[in-house]
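The two complexes that follow have subunit A in common; it is paired with subunit B in the first and with subunit C in the second.
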Partner chain A sequence: MLIEHEPYSLNAAEKQPLLLAELNALTLHHQQHCSPYQHLVKAQWPAFVTANQSAQLPYLAVRLFKQLKLQSVPDAEVFKVLYSSGTTGTPSRIVLDSATAAIQSKILVKIMQHWLGKARLPMLIIDHPGVIKDRSNFSARGAGIQGLSFMGRNHCYALNDDMSINFEALEQFCQQFGDGPVFVFGFTFMVWQFFIQQLKQQQKTISLPQAVLLHSGGWKKLQDQAVDNSTFKQQVLTQTGISKVHNFYGMVEQVGAIFVECEQGHLHCPSYADVLVRTPGSWQTAAVGEEGVLQLISTLPRSYPGHSLLSEDRAVLLGEDNCPCGRPGKYFHILGRLPQAEARGCSDTFFPSAKERTTP
Partner chain B sequence: MSNDLIQTNTAKLTAAFASALVVAETQIHDDLAYNSIKEWDSTAHMLLIAELENAFNLMLDTDDIIDMSSVGKAKTILAKYGVAF
Partner chain C sequence: MSWIILNPPTIKAELQQPFAEQDFAYCQALSEALLKAPQSRDFPDLIALGFWLRQANLKPLLAPYQHSQHFIRQPLGLVFHSAPANVDSLFVYSGILSLLCGNKNVIRLSSRSGGSTAVLIEKIRALAELFPAQNARFQLVQCSYDSAELKALISTVNGRVLWGSDQAIQAQRQLTMPAHARELSFGHKFSLCLVGAEAVLATNHEQLQQLVQLFYRDQLTFAQQGCSSAKAVLWLGEAAQVQQAQQRFWPALTELIEHKQPLNSSEQYQALATAQQLIMSSEQQLMLTQQHSISRVAVNTLEPVFIDQHQGCGLFLELQLSDLTQLNPMLTQAHQTLTVWGVEPGLLKNWLTTAHTGIDRVMPVGQALSFSPDWDGVNLIEQFSRKVVSTF
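After this line comes the complex of A and B, so read on.
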């Protein structure tokens, strides 16, 4: 099983056969246990039996998790339901049983250990404590913070409920732990808008020279302000002294197997996940360097058919097994969201009623 | 290892679990598993880790947290740090 391997330990020749076997097994499992999934596959890939390479696997438009009840476990075995933040209308609904939830946590920790080490570091969370208060109804943000708090100790929330900086808590944290390694986590936009920008406006700096900042959650709002990754990193360094900054990409539909940015600024596939880029329209796989729509593959989802998903993000594959950072596997860039109409088009393709229009 | 010490450690462990999960001490037995009752969810798990670290004055790493899937498993993990049960 791929989950038994270290996150960045397999080259393509080692990984692809294992990946393919697990994905074929998952496709079969979900066809047997989720009838809407079976209908979607039958409608779109009527001749599909088994894939000889991962590009041949059926994939679902991620939007379908907003529109259909897609689960491969009986209701009695549902342990937790995750909802996407849902900036546009209905949120996605991701059904977890306890085994899938456990494996997601395990893999998330395994990947994070690679970047943070095994010791739990003092953790500064760039958010307000209210975000995790309602335990039965976590937002995606709350779930993300909750999931990552496993990696830390002495958790400190840097913001107040009104999104202002809690300077008293922050200064105490820096004083107590600032000389050593610490883990700083927040969502990209929160870190930028409510932390870095506020520090700058108030002409304050903090010093966390040994910290690792991990951040996630989309660049759209930052791109609107013309803030790119290098500007982000530069400002973080200026205001906080943090030089180790890693973005990571993941979505609520595939929690656990996340894609972390290396020192070269490239997002890397861990052993348990993979990506393909598809050209809109033809939906053929795009070559390295060619822009397209990102397809995400993960071996973790068993309780819902989320092992092969077409995202609504534009991306470009940069290479495989040859990143200068030395980590094997595919690496890529996210270029931004698909325009709404085009994104809707992706999922229309996957409704049986629309099948006469397009065949992948 | 004296029986007294083992008894004390078991009592401390039970108290830590009961306090973190907010359940009665009578509910704490070796087979009680993570996620098997609604009180032992990921939020409670973090509280539990903090309680155990305080009670036994040690620092658990991330592997320990992930491996701590039952009360019995917690004892095995704490034993690694020299806590006898």
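After this line comes the complex of A and C, so read on.
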């Protein structure tokens, strides 16, 4: 099983046969246990039996999880349902049984440990504590923070409920742990807007030279401010002394097997996941270097048919097994979301405002 | 949001005699402004509107509604129009017909309106000085549904016209209008295209090209977003014949689409995602065929869920019919325009008399988007005016 391997340990020749065997088994499993999925496979891939390469696998438009409740387990085995708000405001519903939830957590830990080390580190969270307290209005942000909290200890929230910096807590944290390795986590926009920018405006710096900052959640708002990844990293270094900064990409529809950015600024597939880029319209796979829509493949989803999803993100595949960072596997760039289809329908005069998508 | 008047009046609005020369002149001036505007080239809907607004088009269109010896036509009064955000220029059609009926009009534009609306607003503003009376009777506003000004206005109207989604219409119905006032509502609709398989098989190359051009104009000018653009293609003929006709028709259409590229990547995604949604939520086992950016889903019946779920953007449901009456139990009030190609008129007419539910309008393929005073089974001229019957 791929989950027994280290996150970045397999080259294509080693990985693809294992990946295909597991994905074919998953496809069959979902065909047998999720009848809408079976309907789709028969309708769109009538000749499908097994895939000889991952490009032949059926794929599901990710927004279907907003529109339909898709599960491959009986109701009695449902352990929990994950919700996320998306751009249309309708949440995705991801049905987990206990086994799938456990594997997701296990794999998330495995990937995180690659970047953070095995020991639990003191953890600085760039958010306010209220974000996980309000259970009735539990956001994707809250879920992401909670999901990663067990990777750390001595948790400290850097912000107050009004998004100002809690300098007292921050300074105490830096004093106590600043000399050693620490884990800093936050959503990309929160880190930029409410932490780095505030430190800069108030002409304050902190010193966390051995920290690792992991951040996620999309670049749209930063792009609007013309902030790119290198500007982001430079500013983080200036204000906090953190030089190890890694963005990661993932979605609630495929929790666990996340894609973390390496030192070269490339998002990497872990052993348990893969990506393809497809050209809109023909939906054929695009070559390396060619822009298209990202298809996400993961061996983890067993309780819902989410092992092969067509995302709404534009991306470009950069290569496989040849990233200068040395990690094997495919690596890629996210170019942003597909623009919202222009509102021209008779049925959309009255439309809820779009929300920013957040991803754990 | 506050209440914003986009073309403020310079004089007080007064009701007018229906079909007044000055009102036609206003339409003619707007027509010329639109057809001359360089920006119109980017918006086919503005060109179509420009042609529709010509006096030479409007006068014959309205001639049948002139006074007769049995009645005198008078305006309805103050009419409120709520425009949809989609086919941007749609509001002008009903607004102008109401203006020509002599009414005072207030037109609420969506704040999300697209580029062609901006051009229209600019042209309408530019005419205010030359046509102060018409401008005052054709007021464009932007406001939220809960604005106090809107509420006050609605409480004094003689009629209102609500375009848009079913939700938007219900939301606007919360505002009370006077007991005597009329309401016209044009909610969510689903249109169909009927094609005779035998006729398609009998076409030569040129005739086939003409058919796909007309079909393209109806369906892809607005990425299938106009309510009269067909979302389902009904093939009349025996199964084998239909299959042959499809094999002739779709490659010709996709070739044209390849050439014109009418759909952007988001729309292409939308078509695929919607096709998958329909397939996964249907009780039937549907079949999907993808050809370039066109997705086709073969169905055995038109399920009511298709009406809400189908988002267009290059997605066509296909249904084979051996006999037109098979369609009757599938039709609902939401089925609006039926565009037809290659079906014998006698056969069509006989069948139409049996279809008591659904279908407001039957047009040749190529004319789905043309506007007529009869819309969704309602005559707008009659609704925007009062017939004063006089036996003297």
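We adopt the following convention: the second predicted complex is superposed on the first by the 335 of 360 C-alpha atoms of A that agree within 3 Å, B and C clash if a C-alpha of one lies under 4 Å from a C-alpha of the other, contacts with A are read in each partner's own complex, and residues count from 1 in each chain.
Following the convention adopted for this analysis, a residue touches a chain if its C-beta (ideal position, glycine included) is under 8 Å from a C-beta of that chain, and two chains touch if they have at least 3 such contacts.
Owing to the predicted nature of the structure, the values given are computational and were not obtained by experimental measurement.
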{"item": "First, second, both or neither for A:S149, with subunit B first and subunit C second", "value": "first"}
{"item": "Per-residue contact with subunit A, leading partner among subunit C and subunit B", "value": "C"}
{"item": "Touching partner for A:F194 - first (subunit B), second (subunit C), both, neither", "value": "neither"}
{"item": "Touched partner set for A:L60, first subunit B, second subunit C, both or neither", "value": "second"}
{"item": "Partner chain(s) touched by A:S105 [first = subunit B, second = subunit C, both, neither]", "value": "first"}
{"item": "Touching partner for A:F232 - first (subunit B), second (subunit C), both, neither", "value": "neither"}
{"item": "Touched partner set for A:F173, first subunit B, second subunit C, both or neither", "value": "neither"}
{"item": "Partner chain(s) touched by A:L40 [first = subunit B, second = subunit C, both, neither]", "value": "second"}
{"item": "Which of subunit B and subunit C A:K118 touches, first, second, both or neither", "value": "first"}
{"item": "Intersection of subunit A interface sets (partners subunit B, subunit C)", "value": "none"}
{"item": "In the complex with subunit C, residue positions of subunit A that touch it", "value": "36-37, 39-40, 42-44, 46, 60-61, 63-64, 67-68, 70, 280-283, 293, 310, 312, 314, 338-351"}
{"item": "Subunit A partner contacts - residues on subunit C that touch it in the complex", "value": "84-87, 110, 112, 114, 163-168, 171, 188-189, 222-223, 225-227, 263-270, 272-273, 275-277, 279-282, 285-288, 290, 292-293, 297, 308-309, 311-313"}
{"item": "List of subunit A residues in touch with subunit B within their complex", "value": "79, 98, 101-102, 105-106, 109, 112-113, 118-120, 132, 135, 146-147, 149-151, 153, 155"}
{"item": "Interface residues, subunit B side, partner subunit A - complex", "value": "34-36, 41-43, 45-46, 50, 53, 59-63, 65-66, 69"}
